[in-house]
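Shared between the two complexes below is subunit A, which has subunit B as its partner in the first and subunit C in the second.
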Partner chain A sequence: MKVITLDTSKCVGCRNCELACAFINSKETCERKFSMIRVNHYIEEHAVIPMTCLHCEDPWCMAVCPSGAITRDPETNAVIIQDEKCAGCKMCILACPYGNIHFDAELMVSHKCNLCEGNPRCVGHCISGALNFEEIEDFNERSRKKVDLEISKYMKQTCKTQEVDSNGK
Partner chain B sequence: MGNKKKVKTTCRMCGTLCGITAHIEDNKVVEIEGNPDHIFSKGRICIKGSSAATWLNLPDRIYKPLKKNIKGDFEEIELEQAMEEIAAKLLELQNKYGNNAIGFWKGEGIDFEQQEGLYRRLAHAVGTPNYFSNDTQCYASRHIAFYLVYGCWPLADYANANLIINWGTNAPISHSHWTQAINEGREKGAKLIIIDTRYTEIARQADIYVQIRPGTDGALAWGIIREMIKRNEIDHDFVDKFTVGYDKVVEYAKSFTPEYVAEITAISPAVIHQIVDEITKARPRLASWVGCGIEHQINGVNNIRAITMIDALAGATDRKGGMRTPMGFNLPDLTLYEKKPLLELDPIGAKRFPVIYEMRHECHTLMLMDQILSGKPYPFKGLVMSAANPVLTNANSGKVTKALSALDLFVVKDLFLTETARMADYVIPAASYLEREEMFFNGAMRAGFITGKYLDYGLQTEYEFVKELAERMGAGEYFPWKDDHELNEWILKPTGYTTEDLHTAPGGFIFGDNPTEKHYQKAASGEKMFDTPTGKVEFYSMYLEAKNIPGIDALPQYHPPYYLAQPDPEYPFLLSTGARKQKYFHGRYRNIPQLYKAEPNGHLEMHPDDAKALGLKNGDRVRVTSRIDSFDTIVQVMHEKEIFKGSMQHTHGFVNENVNNITYDDVYDPISGFPVFKSIQVKVEKIDK
Partner chain C sequence: MKAVIIGNGAASLAAIRSFRKYDKKSSITVISKEGGNAYSRVLLPYVLRGKLSYEKLFLPFSDKLDSLGVTYIEDEVLSVDDAESVLKLGKHGDLFYDTLLIASGSKALWPPIKGICQPGIYHLWTINDLNRLQIEFSEKKEVVIIGSGFVSLQAAWAACSRGLKVTLIEIADRLMPLVLDVRGSGLMAEQMSKFGVNVYTSTITEEISKREDGKFFILLRDKENILADFIIVGAGVGANIDFLKDSAIEFARTIPVDNYMLTNVLNVFAAGDVAAGPSVFGDEHVTHALWPTAVEMGKIAGANMAGQNIRYDGSLNMNVTQMFDVTVASMGKFNDADIDDYYVYDAESGKGYCKLCYKDGLIVGICLVGTSEAVSLLGKLRPIIRNRLAVKLPPAKLDAFLNVRFFQK
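Here is the complex of A and B:
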């Protein structure tokens, strides 16, 4: 099952993901308040952090929802909120430890990422490559390669006689 | 629904040209996504790209030619009538005032590349040398600098670099897919150094961010060069065999000690050493790029030349992970500069700025405005403009408006009634990039791209317009091709491929390999190694030496920028403009509702200390005044690290906060004739409303 992965070492905070998400949700504006993905930039910490729903396997929001509005899409595995069932109690917003659920003040319901039915527009608009829609194992593979590269560089420095392939093979 | 299709083609919402998949239903584009097969953008696009699905269908798009009546209102007319009247008027003006009294201006609103060749051809075909484009304000300075040093426009091989240096360029906003390539290089271990007066988006991932005093990049480049020489971190084999002027570089660099450079640039000697440490570790895999940020100063070309020299001294020229040089496609040239140069007709700006005219054949748009108004040295009365919006994007908007109003005939071809189109006597509806077949090429990747007529609203393509105008003006012989498809087949012929071949790979059709280090093979076979007068990389330009123009150095010496050379206490702050927003492309796309809602205004970005000194806070309204004029805008106080203290930035293209009301159109880089968009001296005062 594919998930959206977020790579903070690549994100430049261009916010194309926010703009695209806001538009696909609102159909009429790219204003940030309509976006389910939010990118925060911390200049002192030299950090840019994109964040959107992680579609937890055991979601707090789903457990806490008193109206049964939060369900899982069997096709995409997305945790979704059904507008028509949401009572607007905001319990899910309180329950989400990552701040990934937002409140639509016009419709008076909670909103969150629904993976755009399997075609997340944020990823298609991620011009830096920080966001990917992929199997979690593929993400692991990429992470592993990065770490291996670091380790092999270190090994090259410390064990001069031992040649290590830069792919860590 | 009826007819549905998905087509893979190229985005032309800006000049980056990413790959797109357009979803089309019943002759209407309904959604645009990235094309995963595209060799550069790999399935990712920015918000401009996808918003084209709204833009191309906006209700105010023009589908019928418009003619201004006596009252000043537009009335719809038939295309036949419009073309007949325009051609007749152009001929009348030529007969009355001279062949060069008319001109053609190519904008960036709708085309890829070919339109440029077509309009250049049209101008000379009908007997005028006056071809204009925005290249005299953007791009051509770098072209000149790169060609003076390398003889080509290189490609920074970010993905394979050990070190990436960006000078005054912000890939995520201006060249989105380069961000992927930069990150690919970083993922493999490349370090990233960002040199910019503003802490831009790309700076957020930099290993070293260098906040340089605006316009002093050349001094930093010379400081880096001096230190490289001192440490003997020079690729001597390359320098000995393939360059000229190294001894002069060594001599001139001597005075640029880290301490002296620190004084000029506000960058500490320790940081200068750190940059050189990184170059030392990385070379020859050094991929660097220079952006518009450097171009808009009186010392722009020379600063870029000095920066470019670093790559060559490090041996990065045409190396993997360095600066790849392109390979040509041997395509025929559409222009008539050899057959019909028309130099005797005094192309506007060619005498004052011979370098940009000789190297780029660009007439000068700023001098054009003066000439329209003064009639000197000869009258200029008629202008045909394809999808440009100089009312917002040229320096000194007030003068632009006055000049364009003074024309006897002003024709604009565009998709919408832009601020500029509203001034026209005739507006001709343009076909968008999804409505015609056009090709463009990338020499470093040896890739070709083609678009097609995926939508059809019965609108004239650029080629049809140019051909018909030429025919009606008696120059039809220059446009023998029936339509753009036939033209494209003719262009491709020498390559042995056809448009059909290109259509098989809309994400980039690869013509062949482009090997690195071509200069070694060329040297061995006696070919010209680089396209410069000596065939070598020229640290010292033989072309400029031969031109012997006062104030233009054959060696790219460092001169201070205008605002430092001519300080004016009445205007104590430095205003720079030209940094883009991700939603807009210069003067375009404010008419896309979803983008406009997210960013309706321009802002004056300033340092918190400057805001404090002026008693300003976020959201305050201010009047910004230069010696040209003033404009009103809204304050945005940045983080103290985000902008060089004393300098401010305002993005162009906002009609209500039009920064170009106050930009200078009379201070130029003496080599390129570029205006100093990043050297505007201003005062700022708070206003109530």
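Here is the complex of A and C:
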């Protein structure tokens, strides 16, 4: 199963992902209001965070939708909203704890990331490698290696200190 | 094991799916009094407005009950014999159960007004009401709406969008007290006036009578009387629990349940509009009669009927809709009596009127008459309110905090 992963330490805040997403969704413009991915800038906190739908395992938006417009695509595993079924009641926007569902004021329906049918444009246009589209297992592997590295660094550090300590005696 | 569910709505469908997750074999029987496929009452005003087509009312899986191994019976439950675990049905005789879920929902009530029960006066609560109102909407010109709850205002919006002349009468001094605070209500009333709706608050309807020309004559106390071609009434709902009269199942206006959706009888659960369950604010028994609460309760009840032991953290009331070109939403506590501090976002935030409410230093609720973008803030606040997390930040910084929080381990 492939998912979009975010490495916030790599994001440079160029907002290319937003432009790419806006274009594929609107078919004609790169205006950011059409984008499903949103890069949030926090100057004081020194943080730049691209946020897009996480396609939760047990999506609350899907459970709560009163018109059954939200389903899971069996091929891409994406949680998708069917325009023609959406009543525009915004219950899903209220349900999403990450703020990743948006409202299309022209069609009066909710909109969200659909993983571009398995070829997410935001990832394709990411210049810094912050966004990746990868097997969840690969991501876990990377996370594990990262943690391993941290631990081994820490171990080295403690061993050295212990050596110094014992020599000093 | 034999599981039986009374009702075929949000709570019931959520319960079926959750039950099947844990138990693929046991039989499930659903009893529906209303009949037909399960549909979404929430969507009736949207169909009336013409935003959704009729067939979109029906819930996913409502026509696939067979595939979920559900036996569907259209019948009325007359009584419950909880000692023998048997239901008495109108046409189908006795039905035995091992585990029972009462999810029979609620019905719209008639307020005590003289002449309220006559042809031409409707609720907007069932598919039947919708069908009859569709005819009125296309043939008539003037409608009076009595009551200003969520459904009433959406009915007003539907009538307004379809070019009818709308008058709204509310007995209380403001609109939607369960959804908005005082200022929010005021803004909503202003917004409706802009769309040409006559809004009467603090107005008592004394009597409704039909004139010879077929028009309704509505007598108001201390105000000039008004005329209407037809009338829609939204004056609250009451639980469908008449069949519990002779059973040992405890009930008042609704059925009190514990955190496991269990009633006082060991193998009887209740969920949705009929149930009064725990709230996130520590209340023991609260009935919201809201869609999301019904889904949550149904999910818990279904799992526990299948032998799980899943505890419900309590319900959090939430409402949202778009009408008269604004988004109206609220969550938790927002009325002045329930809070001790609040913050109203300024115009620059682009939210519209958005009030964040505090009690004892914790965020307990929020209400909004504004933009659709602001609704996502409510979504992000839901876990904060639910888990009673203290946020020691000025409210203007809250958005940033909520977005960054997710990445902090």
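To be clear about the criterion, the second predicted complex is superposed on the first by the 159 of 169 C-alpha atoms of A that agree within 3 Å, B and C clash if a C-alpha of one lies under 4 Å from a C-alpha of the other, contacts with A are read in each partner's own complex, and residues count from 1 in each chain.
The rule is short, and it goes like this: a contact is a pair of C-beta atoms (placed from the backbone, for glycine too) under 8 Å apart; a residue touches a chain by one contact, two chains touch by 3 or more.
Given the structure is predicted, the values throughout are model-derived calculations rather than measurements.
On the shared subunit subunit A, the superposed partners subunit B and subunit C are arranged side by side without overlap.
Once chain A of one complex is fitted onto chain A of the other, the partner contacts of A:Ser67 are limited to subunit C, with no touch recorded for subunit B.
Of the two partner chains placed by the overlay, only subunit C lies in contact with A:Leu94; subunit B stays clear of it.
Looking at the shared chain after the overlay, A:Asn40 reaches subunit C, while subunit B stays out of its contact range.
Applying the stated contact rule after C-alpha superposition, one finds that A:Lys153 touches subunit B and leaves subunit C untouched.
In the superposed model, A:Gly124 makes contact with subunit B only, not with subunit C.
In the overlay built on the shared chain, the residue A:Thr29 is in contact with subunit B alone; subunit C does not reach it.
Per the superposed model, the minimal spacing between any CA atom of subunit B and any CA atom of subunit C is 12 Å.
In the superposition on chain A, none of the residues of subunit A is touched both by subunit B in one structure and by subunit C in the other.
Residues of subunit C touching subunit A in their complex: 10, 14, 40, 42-43, 46, 51-52, 56-57, 59-61, 291-292, 295, 299, 318, 320-322, 327, 329, 331, 372-373, 375-380, 382-383, 400, 402-404, 406-407. Listing the residues of subunit A that touch subunit C in their complex gives 8, 40, 42, 45, 47, 49, 51, 63-64, 66-68, 71, 84-85, 87-91, 93-103, 105, 108.
Within the complex formed with subunit B, the subunit A residues making contact are 9-16, 19-20, 22-23, 26, 28-32, 41, 43, 46, 48, 119, 121, 124-130, 146, 149, 153.
In the complex of the two chains, the subunit B residues touching subunit A come out as 33-34, 41-47, 50-51, 172-173, 176-177, 179-180, 183-184, 186-189, 199, 201-202, 204-205, 582-583, 593-595, 597-598, 639, 641-642.
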